[in-house]
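Some notes on the structure that comes next.
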Amino acid sequence: MVSAQLLAPLVPALPLAGAVIIAALRRRLSGHAAGLLATALIGGAFLCSVLLFLGFDPAGGAQVAHLFDWIRVADMRIGLAFQVDALSLTMMLIVTGVGTLIHLYSIGYMHDDPRQSTFFALLNLFTFAMLLLVMGANYAVTFIGWEGVGLCSYLLIGFWYTNPAYNYAARKAFVMNRIGDVGFVLGLALVFQVFGTLDYTTVMERADTFATGAPALTAITLLLFVGAIGKSAQLPLFTWLPDAMAGPTPVSALIHAATMVTAGIFLLVRSSALFVLAPLTQDVVLYTGLVTALCAATIGVFQNDIKKVLAYSTVSQLGYMFVALGLGAFSAGLFHVTTHAFFKALLFLGAGSVIHALGGEQDIRRMGGLRSATPSTYRTFLVGTLAIAGIFPLSGFFSKDAILAHAYQYGPWIYALLVAGAVLTTYYMFRLLFLVFFGSYRGQAHPHESPAVMTAPLWVLAVLSVVGGALNLPHLFGGHEPMKHFLATAASGVGLEHLHLSALLEWSLMGFSTALVLLTIWIAYGRFAKQATLDPEADALPVPQRWAARKWYLDELYERLFEKPYGWLSTNLSALLEQRVMQPLMVGVGGTAERIGELLRRVQTGNLSTYLFAMVAGLLLFLFLTLNGL
Amino acid sequence: MLLAALLLLPFATATLLLVARPEAQARMLAMASTLVTAVVVLLLWAGYPGTAVTVVDRDWAPAIGLRLVLGYDGIALLMLVLTGLIFPFIIGAGFKQQLDRPATVNALLLYAQSFLFGVFAAQNAFLFYIFYELALVPVFFLLLFWGGEHRRTITVRFFLYTLLGGLSLLFGLAWCVLQTPAPYSADFTALHALRLGTDVQLWLFWALFLAFAIKLPIFPFHSWQPDTYTMAPLQGTMVLGGVMLKMGLYGILRFVMPIVPEGVLFWRDLVIWLSIGGALYAGAIAFRQREFKRLVAWSSLSHVGLLCAGLFAWNSYGVSGALYQALAHAVLLVGLLYIVGAVTARTGTGDLGAMGGLKLRTPRLAALFMLVLVNAVALPLTQSFVGEWLMFNGLWQHNGWMAFAAACTIVLGAIYMLWAYQRVMLGPDSGRPAVADADRDDHLYLVPLIAISLVLGVYPGPVLDLLEAPVQQMLNTLTALN
Amino acid sequence: MLTLFYLFAAISVLCALVVVAARDPVNSVIALIVCFLSIAGHYILLNAQFLAVVHIIVYTGAIMVLFLFVIMLLNLNKATEPQRSLATRVAAVVAGGLVLLTLLAAVRHGISVEPARDFDIGTGLVRSVGRSLFNEFLLPFEVSSVLFLSAMVGAVMLGRREKNPQAA
Amino acid sequence: MNEVVSAIRLVPLEHYVMLSFALFSIGLAGMLFRRNTIIILMCLELMFNSVNLLLTAFSAHHSDPGGQVFVFFIMLVAAAEVTVGLAILVMMKRNVDSVDIDQLNRLRW
């Protein structure tokens, strides 16, 4: 096997090379060639990751490939170093694996866009940044990737830059992420102050010296969580994610569903050793995730844009993951990240296929009956929907069930709320499915199935969504949770998980939630499968529904609370404080000098005799003083 | 000898330009001169032995302690390198700007360069002061004769204001020199050896600091800056913001911190809060500026506030960060201003409200702007991030709330920079007649700048190593105090 | 000797007063010439022979004649000059007196002169002054020719009658 | 030889000092006293001469030719000064038709 020292830097280097080459040659390279090159390089990165995975010995601990010292001041040594361990390998495989499929899909999806090369360069750059994020051997390298994916996300959301709304969405995403980053940066500064280093291995080792609930650790974890809130779109910073759907659909699939938004989860799992020692933060994480999951689910029910529905489901699922982390079930959280990457990428790509088939139409009220026109898309989409609803034996069932079981152990009412969320998820996802693929077509376009280059990734993802559960098959089904044991070698928090529910209880919990989900599917089928009329606009809905459809007025609230006051502040600071106070202050200094000059120039009478007298007087004074001094 | 060449070459070229007035070849001559100085400054760096170097040491006016002492340590060398590397770009901007009487313009710029080298190489307080004020003279004429609207009023106002600071500095320095043992000496070594009483240090701090606070400028001494930056010709703004304000930073390090350490200890919290407050204030105001160049001016003010705060955190991270950021800020500001020039030349207006959709016509320029912009918002792997990260750490070590307030500037920075980018480049086609995309010259100019910011962002080691020893040495003063 | 000194001193002071007081500028010039001649006498008393001769040639011969020429050229020989007010005149006298007083106060304790050890009686002679002038002071001496040149050019420029008054 | 020395020393230096002070003060007072520019120039010459006299006296008593060389230079400067001064005077007469110094008051704020 090739050594990890050589292979590990190669993984991010390949997409970076792709980004640079395509960007440099984007005028000479045809869009198609750029797509192939980008896909091949990501595929290469995936192969490298697989090789690394095969050559990785979990018992041997983390392997660190140190390139060079990045920042070196006084006793601060931050290396540009990559860490290969169970956690980063898992994420690398997801990022490059799903990334390859989405690149492949994009070749078809973007084939008639004039700026195809730019798109692929950015997509490669994103993958590079995401790989830095997950492979970093210290917080700083992770932060490089963290900001890098933010930038790529900005550029890709605003990819069609002639539309001001898209640009606004892109800016909103970047700024909201930045708000989170403030927390992240400060968290890093605190980590450095407390531990004297940012290296993961050292920090996690030294974490043991702290007592549970140590204020320093609580502060660190809270600050890191603020960063995670921004990136992973949790309350109160989630409103950027639905708007981010302005970008091309593959972007939504790769960045805003499968990989980037899970960076927050990754960060928390990475720092699990700190989080298990900060129960206060864990509670905060738990409740934030819970509220976000429910809030986003309620909003999702009333969305009519195919991508918006998926976006809210993403926010909601991310909430589930945070709940898992808050419960201390790190492996369950990451397991859900993995399965979610499969089925959410699948759903987004399926949605993209639908949009492609309808020539850009995104409103589900003007779809319907696409089952026959786009059979491949329909079948794979159905698999994805079933997976997200958690139907046995699809992957979503296992990952969601793991979280629910942990929730029940922590507190039945949390379990109850999560099941309610799952029911809502099932409801709006099947509403989506039925409105799009069932009934009769309500639009004007001529639907056609997407080319093979797009459907092939769909099928691959569908298969993964079905069998993904095997990655962490619980004991109940004869498995022995391989993923959990694998991750336990990298994230010490995973080793502390314990689930001690009786088999009977577990069976009944599963049965209960599955029954509710099936019931919901039946209701949804009854309401939407044969619907011929359009749903009313949000404003026409009765009160509680209208509020939910309006995203609980969060955007309006932020606008009133932050955007408008900030604009007002900016204008008035400039107009009032600066113009009325600061400027006159400075002018006053100049003015005083001028007034003194005005007074002094009167001395210049122009009369030579006066000057003579003055001269003599000066002479006298001088002589007098000199003589007195003698 | 190399150091002497640094001072004399620009001076000689400038004099030649002024006397012979070869208008047609002026830009090329000036460019050649600055390129040679850039090489010389790099040679100087390559030959740096790692400890302070004194090159010239002789009496000039011993009665007042004025001596001709030239030399450099790591910090001064960084400033020399900064001046040497940035000036080719400042001269280069003139090829597109095409001011009239290019011989005079370039001569003034080269004079400024020569004097700036003097400022950073002087090892004697009065010598420093002479160069410090001399450097202002060419800029004054540049602003007065080639400035924009209201140039006379604004220039005079700026000049008076800075001179006021200079006067206070002169007074402070003279006072300090009189405290040295007879025969008086204004050498840095003599001044740094002073141990003044605490009550004296409390007021002397402001006498010394005021000049640099105005020069930088930090809140609330900043009012001259937006007007001046906006009105000045592009190259003038580049000199002012790219290099001259670093004199303020350098002065604080050379005078304020070593001479009045107790004064710094007493006032630093106030100064840091003023700086950070100013940074936030400027960041907030920048957001609603209607003029592109004024927005850049306010953004510079915001960056500089942070820089000053980092300096006064007074630990190795803060000081190194501030110094590193000084270099980054120069590269950034020159790049941004060049973009302003390029955009204004293409749209014929500096009004952000009247722009938009430029990217449709000029995708390459937009890409270059974006690459400059990532440095402006301090994304990692750019120079600015290294500086800001170190400053945040430095501030954090001093006071967490300060670090928090300082870190908020990254949000404000993202807000106004992206807004500017959107206003200029993005959006629907504004129906403007065809404008040319970035041409070979634009690439020749911006690509090296971007390369510097990226290379030094990925591998800042050489610069940080350069600073290590002198910063540590300076901070030992503080350790000795506590 | 002392008598001669007092005589010359009296003449010079008296003539100086006449210079100031005379209404007619021509009288002033004559008085100044006499005053200068008496100063030349002082020079001779001090054995400064070279200076005495140069003084008479330069001042009496050249400068004062120049003054006389100008006065005649400009037709200033009439006492047409407007007088200063009495107050100003008094102030002028007081100022002069004060300067005198202050100066005298400066030397009220006398001046102690160390007698030179190797007294050279030829100090004021042409040989001695010339040697000093052409050794130590050669450069200033040569440079002074530039001064004269510029003074000459300046005088010619100023004295030239402008053809076009607007151009001035 | 000693006769010459004693002859010079016979008049005390104080006498020359007083005399030259007197001449200087008279010149100064005259400058303020008169309005005729030409007289003022003459008073200037008078003040020059008082200084010359003082220098010569000290030079003689110290037996240092340097002082007399200085006097020589002062004469040079005075000659040049008078040349330019009188040229200005002629200009003035031509332009404002007066040699009254109070007429020259245009150089002011």
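All chains are identified by letter, namely A, B, C and D, in their written order; residue positions are counted from 1 within each chain.
The rule is short, and it goes like this: contacts are C-beta pairs under 8 Å (C-beta built on N, C-alpha and C of every residue); 3 or more make two chains touch, one makes a residue touch a chain.
On a predicted model such as this, the values are computed, not experimentally measured, just so you know.
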item: Middle chain, criterion being Cα centroid separation; value: B
item: Which of C-D and A-B has more C-beta pairs touching across its chains; value: C-D
item: Between chain D and chain C, distance of the C-alpha-averaged centres to the nearest whole Å; value: 4
item: Between chain B and chain A, distance of the C-alpha-averaged centres to the nearest whole Å; value: 37
item: Between chain A and chain C, centroid-to-centroid distance (C-alpha), Å; value: 96
item: CA centroid of chain A to CA centroid of chain D, Å; value: 93
item: Shared-contact residues (touching 2 or more other chains) in chain A; value: 609, 613, 616
item: For chain C, residues that touch 2 or more chains besides their own; value: 88, 91, 95, 99, 103
item: Multi-partner residues of chain D (at least 2 other chains); value: 28, 31-32, 35
item: Pairwise chain contacts, counting only pairs that touch as defined; value: A-B, A-C, A-D, C-D
item: Chain D contact footprint on chain A (complex, rising order); value: 601-602, 604-609, 612-613, 616
item: Complex interface listing, chain D residues touching chain C; value: 1, 4-5, 7-11, 13-19, 21-36, 38-39, 41-43, 45-46, 49, 52-53, 56-57, 59-66, 68-69, 71-73, 75-84, 86-91, 93-94, 99-100
item: Of chain A, residues touching chain C in the complex; value: 609, 613, 616-617, 619-620, 623-624, 627, 630
item: In the complex, chain C residues that touch chain D; value: 1-2, 5, 9, 12-13, 16-17, 19-20, 25, 28-29, 32, 35-36, 39, 42-43, 45-48, 50-51, 54-55, 58-59, 62-63, 66-67, 70-71, 73-74, 76, 81-84, 88-89, 91-93, 95-97, 99-100, 103-104, 107, 110-111, 113, 115-116, 118-121, 123-124, 128-129, 131-133, 136-137, 140-141, 144, 147-148, 150-152, 154-156, 158-159, 161
item: Residue numbers on chain D that touch chain A, as the complex places them; value: 28, 31-32, 35, 101-102, 104-109
